[in-house]
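Chain nomenclature is as follows: A, B, C and D, assigned in order of appearance, with residue numbering initiated at 1 for each chain independently.
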Amino acid sequence: MTDTRIPVAILGATGAVGQTFIRCLRAHPWFRIAELGASERSVGKRYAEAAHWLEGDLDPDVAAIVVAPCDPTRVTSPVIFCGLDAATASEVEPAFARAGRFVFSNAKTFRMDADVPLMIPEVNADHMALIARQRRERGWSGAIVTNANCSSTTAAVAMAPLHERFGIKTAFAATLQAVSGAGYPGVASLDILGNIIPYIGEEEPKIEREIQKMLGKVSGEAIAPAAFVVSAHANRVPVEHGHTVCLSLGFEDAPTPEQAIKVLAEWRGAPAVRGLPFAPEPPIRVRSEPDRPQPRRDVMEGRGMTTVVGRVRADTVLDLRLVAMSHNTIRGAAGGSILNAELMVSTGEIPRRPS
Amino acid sequence: MTDTRIPVAILGATGAVGQTFIRCLRAHPWFRIAELGASERSVGKRYAEAAHWLEGDLDPDVAAIVVAPCDPTRVTSPVIFCGLDAATASEVEPAFARAGRFVFSNAKTFRMDADVPLMIPEVNADHMALIARQRRERGWSGAIVTNANCSSTTAAVAMAPLHERFGIKTAFAATLQAVSGAGYPGVASLDILGNIIPYIGEEEPKIEREIQKMLGKVSGEAIAPAAFVVSAHANRVPVEHGHTVCLSLGFEDAPTPEQAIKVLAEWRGAPAVRGLPFAPEPPIRVRSEPDRPQPRRDVMEGRGMTTVVGRVRADTVLDLRLVAMSHNTIRGAAGGSILNAELMVSTGEIPRRPS
Amino acid sequence: MTDTRIPVAILGATGAVGQTFIRCLRAHPWFRIAELGASERSVGKRYAEAAHWLEGDLDPDVAAIVVAPCDPTRVTSPVIFCGLDAATASEVEPAFARAGRFVFSNAKTFRMDADVPLMIPEVNADHMALIARQRRERGWSGAIVTNANCSSTTAAVAMAPLHERFGIKTAFAATLQAVSGAGYPGVASLDILGNIIPYIGEEEPKIEREIQKMLGKVSGEAIAPAAFVVSAHANRVPVEHGHTVCLSLGFEDAPTPEQAIKVLAEWRGAPAVRGLPFAPEPPIRVRSEPDRPQPRRDVMEGRGMTTVVGRVRADTVLDLRLVAMSHNTIRGAAGGSILNAELMVSTGEIPRRPS
Amino acid sequence: MTDTRIPVAILGATGAVGQTFIRCLRAHPWFRIAELGASERSVGKRYAEAAHWLEGDLDPDVAAIVVAPCDPTRVTSPVIFCGLDAATASEVEPAFARAGRFVFSNAKTFRMDADVPLMIPEVNADHMALIARQRRERGWSGAIVTNANCSSTTAAVAMAPLHERFGIKTAFAATLQAVSGAGYPGVASLDILGNIIPYIGEEEPKIEREIQKMLGKVSGEAIAPAAFVVSAHANRVPVEHGHTVCLSLGFEDAPTPEQAIKVLAEWRGAPAVRGLPFAPEPPIRVRSEPDRPQPRRDVMEGRGMTTVVGRVRADTVLDLRLVAMSHNTIRGAAGGSILNAELMVSTGEIPRRPS
């Protein structure tokens, strides 16, 4: 029996996000891991030797793949999942897009470009409209679609239904971010054991801008960023996976906590996304216990794709307070990219293979 | 040679705060641990047998003290340091005050009473003015002086010089609080290892109200609470000691970050406090590294009495953002009570012993 | 459609082991949770209110069960899974056995009794022979079958195939035990964050005796304990789940590391156990990486029922060294009890229900 | 007033051991930090810019030192404290010794050489006798004196008095080692949070051999290694500082636990060491609580130079079991080197400066 799934390549395959792509794509119904790309020192090795595998068992088929260089003449899959850092991504991703590939990026490089979608499909599936402009303006036959920073994603999903319905004007976001957000080896244990670090380089401005773009409105082939202002405080905490965000929100038309809970719990996101293999159902779970969400206990909700929200209550300064948490390397990185790619397959943007 | 130091009793001596009192009072120049009080099941035992000692070495003199009941007829010291929980404190503390003792409380019970000072001496030494009223109205020959909740204290010290000079109007406070704030055994390891808990029971309203009172102005024998509004998000993190608070602040007369840093770094607090044995010099240390303060690395600054401030920067929504951190069981509990007592000795409120 | 599964009760249902029983029995093909028993203060409450639920989602059917007292006149299921502590178990378990129930105990109380099986089915399924004697001597129509201490179980599974084939004479066992082994709330976070505790009360003698009994030979209706001697060092470490045991072993007929690896990897355990719903296949997984097993990464191997072994190498003093790790509340407690019960169902000792 | 202290250089000054040297030498009565050496990328920078400072405050005098290359023509101090890794040490340390310097090494490179002392002064001050041979055979005017691996040191100090008095024949050592033993950044937090790693590269053979050499007897200018055999199991645990070693010991002339405790508690080590600035008094502290030593609570005993021993009890296989713990970067590295240097100053091997 022929495997008619779409062959995909993972670039930056040995890193933490790359490994998460490999775990998430195990037995994916539409995509098949065909190629793995990484930096010079891994090229030519079998993946099992090149990577320090961090979690779970490595599929023997994947273990045996010989690592290729991140070069579109050597990696031929039509769909490219990217876990490269910003420096490398700024060279490699355009090269693949130019060569006709659909590149799903996790780097910051292109996120804020006016013709590049910064997508969370449930929230802004219509931002795909930028792709036509991107191709036309850049003369590319492929395209780059980006994912937000992992903590921006956690906040943006929780804010989306409330913004849609009540109009957010102001947001305070204090994050407690897991160490896996810094990649591997990432945060040294001597820095974080029994400690917290109230700073993550460049994180706060990213959160402040990316949420505005993600919750912005498409008009023609442009995005008008959401008009609210965000103030972020980013903290690193000794947690393996799961970014927690404490939010205080001010609205045009302030909801009661009960109204907010109802809107959050009933929200299903863009219709185009429902039923996609990686789409969590529902996208947001609202918990009623006073002390949830908690990263260690809730991070795998919806196989790591659900955003868990709790402590929805009145604020003393703005209107509403709540806590949101989601998996930073699944929902906030690899799983998010896969859902973006699924959306583009389902809309026909990425062609299925003849069966 | 006679020991002319003032004899003090520690109530709740076996608990986490009680133990911190014992550690902090080792070799204190003015106070001598004369008595230890605790609950029924400890009474009559030597302290070394009654307590599960948590940190450092226990002084043999203290180890040998036989634990007394928390009863003013059985505990006779004029100065009473209290680490009792709210339920017990609400009975025991008034009994001691009625019996002429100066009670330094760490419970929430009396903090918000109009005639009870909620003191951080550097910030509000003049709140001592409430004591005369307290005695008169309650008919007590002693008095109760309270300490704030530990996370309120961290925020209040950092806010005090800025409020004094620029007038705070609004504050967002997201806390990352150490497990020792919950006492012993307190937080179960199964709840907090590799996890954070975005909730601490009753903590947020305490923070919101106590800071207003502490930064309030005395007028006659009453406190007018500070007019600003505080919104708090309280989180528990897997840190041993040290509460970190992320603050966003709005002002009447907004300072630049540089102006704020100068005011914080130069602040010395109420003159009456300078030179007291437990007064940190200076009360606030401003660090310039981008990633400080950190609890594990900075918590013992000024022997646990200094509030360490960092990341003073502009805010996108309000005017200023910063991070403050201090030791929750020293500055925020036992050490704070001791400094309160020292102030009252230095002002003659508590009589020194004839030498 | 009628549910023909055997109704079971869980006693000590609110505790850590009780909760693990509930999680493990979700969708079990042979057993159905019919009743939950706990102490006085939970009796009469719905389970969801009585328990502080620690991990994953609680099944709504179970959440709604009203907690019963641990009394055989009030709890009527034929199969009783017990997570009670030793003090309570010593009263309750015999009462249920006398009343004709099959009691699967996790307490130390009866483990070393000459007529009570201490079972790991793959290792000593034939120890079931004690049950006839137990019933006869005690005049019970039911029976008590016990599980070993969780760290004894980890070591015993790893030692069993080697003892069977090469004859162990001497064993050193240094354990690194997870906090969940102490139940909930169990180990205080102030005791274990960034720390290790080189002591667990009564643990070392249990390990030393229980392994001898479990690896002992049945002769008639008695167990001759294995003749080897064990020396144990028990340590608590800040790990959620998974006990790790460093073993040095001396043999009658010393294997090379390669021979030992082959025997461990090929071992399938008692034939009677194969194919039972909770039987891991294989019971032992041997890993070849130099730095495995690791509890956080390997603890869920075989849904928490597999013992993971690594670092099999020559010893400088005895013959062989290795590291074994397994899940202390699944393999070492609830899951182990369930497998014991499954074995007794499959052998007809526990009657299936008429369908 | 002239500073007549001996100028010293620290090589590998930016690393974890180098930083510990800087902290330990603050206000040392005999040594003054005159120079700091590090690798190319730090050379020419002020130390404060070159180093990521990990713990406590950096002395402004030290912060201002311009980092030099690790070259004896550029670093001129007579005493060289070395925190270099083995690869660099194997080139650099002989170059300094050849140039007449006293090099105190923490690398494994020369430890096992027949003419190089592997010293813990309390244990084997007489091993200094190797230095004359080293100079003669190598034609050096300086010398290399080495420190043991940090976990070897913990075990060796605890074993020394027992070996001296009762003759150790066999030892099992299972270690639980802190992350600071791996330097900085060292162990990735993703590897060790909520986890243990039952493996440390090359550690076990080092422990097995180094203890034999350290507890060996000098005869003329050679060391006869102690005749006992050691079996080591090395584990990494999520602890900041402090290596814990579980020991089972067999003796020529087995002591009772009481006899062993008495010998350990009364031991004062080599007379030549007493009263040296870094000599802990006493070298070993025996604790009687059942659950001590614990690294977080006991690691700073004797300013990090004391070895804390507890749980001295009979063994079931050999004769005696105990737990030993000491500070791996102070006692086991920087502090140990400083004590070695102090010994050589006090014996006149290193000349004092004319005052």
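The criterion applied here is as follows: a residue touches a chain if its C-beta (ideal position, glycine included) is under 8 Å from a C-beta of that chain, and two chains touch if they have at least 3 such contacts.
Because the structure is a prediction, the values reported are computed rather than measured.
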| Centre-to-centre on C-alpha atoms, which chain is most distant from chain B? | C
| Between B-C and B-D, the pair joined by more C-beta contacts | B-C
| field | Inter-chain centre distance, chain C versus chain D - centres from mean C-alpha coordinates, in Å | value | 43
| When the C-alpha atoms of chain B and chain D are each averaged to a single point, how far apart are the two points in Å? | 41
| query | Between chain B and chain C, what is the gap in Å from one C-alpha centre to the other? | reply | 47
| request: Among the residues of chain D, pick out those that touch two or more other chains and give their numbers. | output: 54, 193-194, 238-240, 296-297
| remark: chain C partner, complex, touching residues on chain A are 54-56, 193-194, 240, 296-297
| task | Using the touch definition up top, name the residues of chain A that touch chain B in the complex. | result | 170-172, 174, 176, 193-199, 201, 208, 229-233, 235, 237-240, 244, 246, 248, 290-297, 310-311, 315-318, 321, 323, 325
| field | Interfacial residue positions of chain D with respect to chain A in the complex | value | 16, 54, 179-180, 184-194, 238-240
